[in-house]
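Below you'll find the structures, each written out as structure tokens.
You will see two complexes here that share chain A, one where it goes with chain B and one where it goes with chain C.
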Partner chain A sequence: MELSQHWRLKQQRYSLVGEICPYCEGKIFPPRDICPDCGNEAKTTFQFNGKGEIYSFTTVRQAPAGHEENAPYTLALVRLEEGPMVAAQLTDLDDQAVEIGMPVEMVTRKLRSEGERGLLIYGYKFRPILKAA
Partner chain B sequence: MQENKILRPIRKVGIVGYGAYIPRYRLPAREVARVWKADTSGEPSGEKAVAGLDEDVITMSIEAARNALARAMIDPAKIRAVWVGSESHPSAVKPTSTVVAEAIGAVPNTQAADWEFACKAGTEAMQAAIGFVGSGMAAYALSIGMDTAQGRPGDALEYTAGAGGAAYLLGPAEESLAIIEASYSFTTDTPDFFRRANEKYPEHGERFTGEPAYFKHISAAAQELMRATETKPEDYTYAVFHQPNDKFPKRVASSLGFKPDQIEAGLLVPWIGNTYAGSALVGLTAVLDVAEPGDKILLVSYGSGAGSDAFTIQTTEELIKRRKQAPSTQEYIQRRTEIDYATYSRYRGKLSMK
Partner chain C sequence: MSKKMNSTREIIILGVGMTPLGEHWDLSIRELALEAISAARAEAPQVRPEAFYVANMLAPALSRQSQLGALLADFVGLRGIEAMTVEAAGASGGAALRQAYLALKSGMIQSVLVVGAEKVTDRVGSEVDAALATMTDTDYEAIQGITPTAQAALLMRRYLHEYHAPQDALAGFSLNAHANGASNPLAMFQKAIRPEQYSKAPMVSDPINMFDASPIVDGAAAILLACRDTIPANHDHPLVKIAASAMSSTAVALHDQPDPLVISSAVSSVQKAFEQAKLSLEDIDLFELHDSFSIMAALSLEAAGFASKGEGWKLAADGAIALDGKIPICTFGGSKARGEAGGATGVMQVVEVVRQLQALAGKNQVSNAKIGMAQCLGGIGATAVTHILTHFKDH
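For the complex of A and B:
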């Protein structure tokens, strides 16, 4: 991926910044400037709170290029509290079994590095909730 | 007239929010000893925290900063500085701090810089943040001390070099959960521990790291600050010293006149190891998690090279309700997965894949 593409994606990737529809208040992620619910223009940025639950998941053993060193890892569809569905890696799982409906929270982690000399890429993953005191 | 060596800002500054981060993996010292067939009779017991494959100083700083913001309850767009002190910034050229600032929503109206001064890079950033807020230039400044500490395989440092640290959002005293009353820095050129550019692992002066380095600088900083603020060890409920191992902080505390129960809450090295620039600062988070309003805390860092920053801090009523808004340091410590040396080697990139 080009440096410029990484740069354009950084806000949504680092901290789940999406959009909210000014007409129907639907929350949109990833941002696409058009509301998928009512079809109107939606460009107001919206910060998701990062909480959600597992909708489905799968284990990846043959990782695509750039992700080999993390394999095997679990890829999940996470239903965010505000509505949208996000595909992301799970992290900090240890031996914990993943279950549908399991509550998770967003963390920002290293997604990949483009080789030893390349740019380090950071973005959202999800982990089991670390409860607050 | 006594020369004024003590640092006090024009307007009072305090900690508006604080946040710790400790990764979940733990490498016990006995596992390091097993691999290197070391004589375990005199070796450190304890264990150290190890970062996972997808973690580094940037990701760990982001989580600590988010915890500090959760406790501060302020709009991150009002932050005017994001300063990260570390010995393990992921890139040689490309700031850690810009990624952290972007991830927490502090961009674009902010300073961003990475600080270096061995294990006191984080408190150095905190001193600067006190000046930045205390002069009125900024409403809020974020200072972070975080490390994924390096130790050469088989070296004495490998038993303790751990991962973790803390973020402190400084702001006006009126909004603070703890007020920083005064600080003092003591610095000399002392070559006890160093790492040349492009080297992966540091060199250290074995026994030379003790007396003329750690003990001299911490004692001098603590004594001068207590003299100038007219305080005595018994005025402090808690004291936190830089913790390269279990012995040094206990010995310096007792020589300064502090009792074991004053340092116990902030002494984390047996569970997480020496987190370098994170060490004293993450110790302070554990104290803030349990302190009562009105408690006085002495914080003294140490960085090789060498220097110490000392701070006298007093908690306020705000502490009790705000500390519940993010995970406590003990919760991070209890989130523990033990790993063996092989897994550790994989996580810390000690295996060469080509």
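For the complex of A and C:
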């Protein structure tokens, strides 16, 4: 089910590939081919480094169909170092308290599964960056 | 020449109707629509509408039913009429009314029937949440497990953080909605709540608690509109005119908003509405805004200009939003207490403004209400539709 819908997004889901506007140099994620800032064509690919900080977060207890097995899970809006914001689950939190401004980095994890014989959908989540000792 | 004629072509509301909100196990979407439509048409039985627009967002996902335009037209006795569904998530109701307004302004149609109808409770729990999540960005939000509730929670946490607002800053919105719902016989919840109930309420998606989130339930509302020339000679209900109708959009995803705490579509549609009506903030006697979550009410007040950025919550805390306050909102309980009915909500808001301007609001009456504004939002404000209504005296 929905195989092509997920396959099309593999570069974004697995490696945060977006775009850079050749006119205003704005970094764009998700890619959209037209710069949202200046309106010009922007098809040059750009690799985000996967680091950012938490803009906001919440915990979802009542999960929508397809996500029940992960509930409860923590969602965040992450402001990437290069500018754009991305919505993602947080992972590898253990007992760590989440707060606005906390530095995080992208990792690849299972987003959802569609039953025993269905697709396993992988993509980005974000985890806390460990402080250097 | 024709442009000039159209611009002065006045659009009048001849009849309105609305069902109670709630879990209507015994009623289908057809029967809910029929009840609201019958009530609206009974106020102007001489007028047979020439077009029929249905506001709905959830029927394809929850009832496996599309083409509601034709389906409901046939069911309510209007077989043959020009009919379609208008979908813009939670802004569907306002969007359908906007299409009716444009059709009438065009001069090609003389009368339009608009109905907003939702049937939610045939499904429960995670299936409803998944259907609601289709109004987010499926590829980049819903795949991560985001729901509209989670979007609102992300906004509310950032709001409280950025503006250093207290944890219960938004309580006033819920208290006001429930106070007004208590005297609305159509409301899902007809009981006022106390501040302690708000502060002790369980979390749904922190910091959104049970009293920050509206219940999504079944209901329908209908409006019969016509051009001024079509008003029946013996029409005996107070007439209300649509003084402005304006719609704007922005990105669907929260992460694509330049500033998530500013609903740019709402800012723009309110500005356009004020320009059309040649009115300003001070002229508005009441404002039926989008309160699916209390944070959306605060952001809507700020977007419209009733409060500056980060100050919207203070209008609730100060009582300025009460029936006798400076800018009454959710005068019949809003989505929080009246009940939230997805694509139908925008039609319900306008029905409520009409009742206020007709001085038929009973215990919920805003005294001396002459000019009312209604605004519905799709999702976190990807779509915003604003209508301004005023009294109309036929000469």
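The definition used in the following text is that the second predicted complex is superposed on the first by the 128 of 133 C-alpha atoms of A that agree within 3 Å, B and C clash if a C-alpha of one lies under 4 Å from a C-alpha of the other, contacts with A are read in each partner's own complex, and residues count from 1 in each chain.
Criterion: a contact is a pair of C-beta atoms (placed from the backbone, for glycine too) under 8 Å apart; a residue touches a chain by one contact, two chains touch by 3 or more.
If you're wondering where the values come from, they're calculated on a predicted model, not measured in any experiment.
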| item | value |
| --- | --- |
| Partner chain(s) touched by A:70 [first = chain B, second = chain C, both, neither] | both |
| Of chain B and chain C, the chain that contacts the larger number of chain A residues | C |
| Partner chain(s) touched by A:110 [first = chain B, second = chain C, both, neither] | first |
| Partner chain in contact with A:122 - chain B first, chain C second, else both or neither | first |
| Which superposed partner A:97 touches (first chain B, second chain C, both, neither) | neither |
| Touched partner set for A:15, first chain B, second chain C, both or neither | first |
| Which superposed partner A:58 touches (first chain B, second chain C, both, neither) | second |
| Common interface residues of chain A - those touching chain B in one complex and chain C in the other | 70, 111 |
| Touching residues on chain B, where the partner in the complex is chain A | 24, 52-56, 58-59, 62-63, 90-91, 94, 99, 102-105, 289, 323-328, 331-332, 335, 337, 353 |
| Partner chain B, residues of chain A touching it in the complex | 10-11, 14-15, 47, 69-70, 91-92, 94-95, 107-111, 119-120, 122, 125, 130-133 |
| Sites on chain C touched by chain A in the complex | 125-127, 129-130, 132-133, 139-147, 149-150, 153-155, 157-158, 161, 203-208, 251, 253-256, 260 |
| Touch list for chain A against partner chain C, complex | 5, 9, 12, 30, 36, 55-68, 70, 73, 75-77, 84-89, 100, 111-112, 121, 123 |
